[in-house]
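Think of it as A, B and C in the order they're written, each chain with its own count starting at 1.
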């Protein structure tokens, strides 16, 4: 303590050792989380020669986009060598409806369960929740049978339906919790004004649902895009999304692996969710804290 | 009477009808797909089905075969080891990071974005990247040795005893952010006066984070733990991409066992029995704490207030 | 009583030229006053007046922007709360929810490495004083509001501090519990003799508990004095209107002086100011505001008051044992507090007296007492 100074006014803030330690640890953690991504990027930009002889962490001496080009259109998945490009389109074809439908159905479900307490509503909701705990392996074979029987096996609508069905619990939960915090009076007033089920939903609740819709869309899109298991089984060869193609590319290489191409392909697969993540940042976090916690 | 909404005049059950109709697809899904599917799977596990299902009831024979199989035994041990380390690691690291972020630091948003980023990736992506990092010839081991530490080992994926830990590492890298965010929200919800009280009492900050806070954010921790345990039991993508179950069978997991039995070995009976065991395990894991909480609630309700 | 809780431990507090501001917002504008050893002082004011901020600053939970805080003989301005020899009780109790009462009381001492025997003794002592002995093994959620607050007080007690700080501790309780705990706090102060700084917005609490009250508004102390002084001689219009329920009646007008005699000329009435104690000793003419408390309007006519008037009764509000009559003094409304038993709520006209020695006069512009 400085004996010359007489204490008055605000206390002088010193940088304490613990403060420094905090930043050091945070910094190290940041390195831990970023390192793989960094390695992924620089590896994809290096020619194979440099990878073989150089250090993993070294910045590319020669930046080349060849690996990216190959990953995009020339990589081999088994017998076909079209790159991961078809996967990109497929992923969108699956993820966009696979986001829209679950969100809409989830919103309707959440609405119905919150305000229209019909007999068995609680039962349905409980069973939905319980289903999230059941490992999907339990459903795989029955689903295969049902999908084959209805001709949906290996089709685009089929995989979309499956994504929708199995994320119903999540979206329903999100919307139900959100609507539970909407004052009952708003609903009652609308009923008195003559509103029916659908009109109240469309004109009263939907307009105020923006925050939760954003959260649901982000979570759903990311989940659908990143899905591997369901897509592998149910999407069908023409509709395979990037996750499946990526796995094929990486695991079906014989001889020396083309690491730069693998990394490029991985980056391509990861890019869209990452962009969504960085663009939505704030809402993602708020969504988890508001939505998931109440469950 | 003019102006009255017709719907208000209907009996209660009919008034709710639009809601029931709106939820029909969901109800259909729950009943037909989920319930029926689950029952069907469990039933099949008691039959001798191979490529095609048959109704030849053979009791618990599939289960006997299942637990007699080396592959399955390894899978069960692996998922338990993986689960404990994965959940423990994510919760511990997640809590520490959440605590650090709660310290009113600069760049808090930046750090949080970085820590949560990995959660937006697929396990496939994570697996591929980490496999590359663990590569003895080109990955971290080679790089560090290149810097002069010639004895450095980071080849966990190539050895049977350590491969599972590599999976844990990759998993923790991916999933910590989620737990961190949940717990951080919990930390933010702690009454400021509790902190004031600890300052007046002279309790060191770190002690508060160790002795007081965890119990106060128990629901958050529980939520995170449950979500993480679900991920752990179902782990499949990561294993397929990083190790393919190997080296040998050292990283086999139940989910992979089911898939392989189903699509490669065409053994429905084994696949469904394995799936059923997975179901039982999760029911216990999640059901037990739930039952305990309920018991504790009713006990305190009886013995509590005056 | 164990002599570890000695009267001698009490410390005085000195607030020297303290100001607190956040950027351009001045929460506390230069405050300078002393709190005597063992005194029970109440910081009274509406929300936003700065009373809680002042308490936080004395506690060390917040920094001052300027000035010093002294506790006892020490300049604690830069000290952490734990080094200021204080104990604090919060509005929301802030009990550690998963610990038992015993755990709550002993936590601070345990964490700072106190001797187990000392901890046990202090916990037992605090429990006895606050009648918590039978509840030591319960958890906060099993306690009633009043019990929880007592645990919060107990947590401060075990610190054997020289000054206790209370931040609106009774505000979360219902009226009945509030009255109960008020009495207990008064008893506690008498028993322990420690210095107590109590923040509240409730004037009843202030008037019943305090040795002195500091009435605050907008970051300044409008008046500091004993409850009696503040009630009888409010130093400014704000304090006059703030203290007393139902509130004081105010009348605009003018003080007119003729020789040694003064009178108040209001709208439609004149009140001779014989016996009124002017601040400067001599009557001060000029525009002024007259303040008359509803309870100081005499309805049992003695005939000895220099002022008597009558007016129609406009309305009557009966509140149990008391009734508030609304009448007129000149052109302005006048509220009069009477006993319901007087039966005056049925009457249509009333004659009343006002004793000028009991009124208050304030400068129309500055609001200061004349």
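Methods note: contacts are C-beta pairs under 8 Å (C-beta built on N, C-alpha and C of every residue); 3 or more make two chains touch, one makes a residue touch a chain.
Given the structure is predicted, the values throughout are model-derived calculations rather than measurements.
**Q** Taking each chain's centre as the mean of its CA atoms, which one is farthest from the centre of chain A?
**A** Computed centres place C farthest from chain A.
**Q** A-B or A-C: which has the larger count of contacting C-beta pairs?
**A** Of A-B and A-C, more C-beta pairs in contact link A-B.
**Q** Averaged over CA atoms, how far is the centre of chain A from the centre of chain C? Could you give it in whole Å?
**A** Chain A and chain C have C-alpha centres separated by 57 Å.
**Q** Which integer distance in Å separates the CA centroid of chain A from that of chain B?
**A** Computed value for the inter-centroid distance: 15 Å.
**Q** For the complex, which residues does chain B have touching chain C?
**A** 191, 193-194, 196-204, 207, 211-212, 215-216, 218, 300, 304-306
**Q** Can you tell me which positions in chain C touch chain B when the two form their complex?
**A** Of all residues in chain C, those touching chain B are 59-61, 80-83, 86-88, 90-94, 96-98, 107-108, 111-112, 141-142, 144, 155-156, 159.
**Q** For a test of understanding, state which residues of chain C touch chain A in their complex under the given definition.
**A** 63-68, 75-79
**Q** In the complex formed with chain A, which residues of chain B make contact?
**A** Chain B reaches chain A through residues 5, 7-8, 13, 16, 18-20, 22-23, 25-27, 29-30, 32-38, 40-41, 44, 53, 93, 96-97, 100-101, 103, 105, 109, 111-118, 120-126, 128-130, 132-133, 138-140, 142-143, 146-147, 173, 177-178, 181-182, 184-186, 219-220, 223, 227, 230, 233-234, 236-237, 240-241, 244, 254-255, 258-259, 262-263, 268, 271-272, 274-276, 278-279, 282-283, 286.
**Q** Can you tell me which positions in chain A touch chain B when the two form their complex?
**A** 22-23, 25-26, 29-30, 32-34, 36-37, 39-40, 43, 51-52, 55-57, 105, 108-109, 111-113, 116-119, 121, 124, 127-128, 131-143, 145-146, 165, 168, 172, 191-192, 194-198, 222, 225-229, 233, 243, 246-247, 250-251, 259, 262-263, 266, 269-270, 273-274, 276-278, 281, 284-285, 288-289, 292-293, 295
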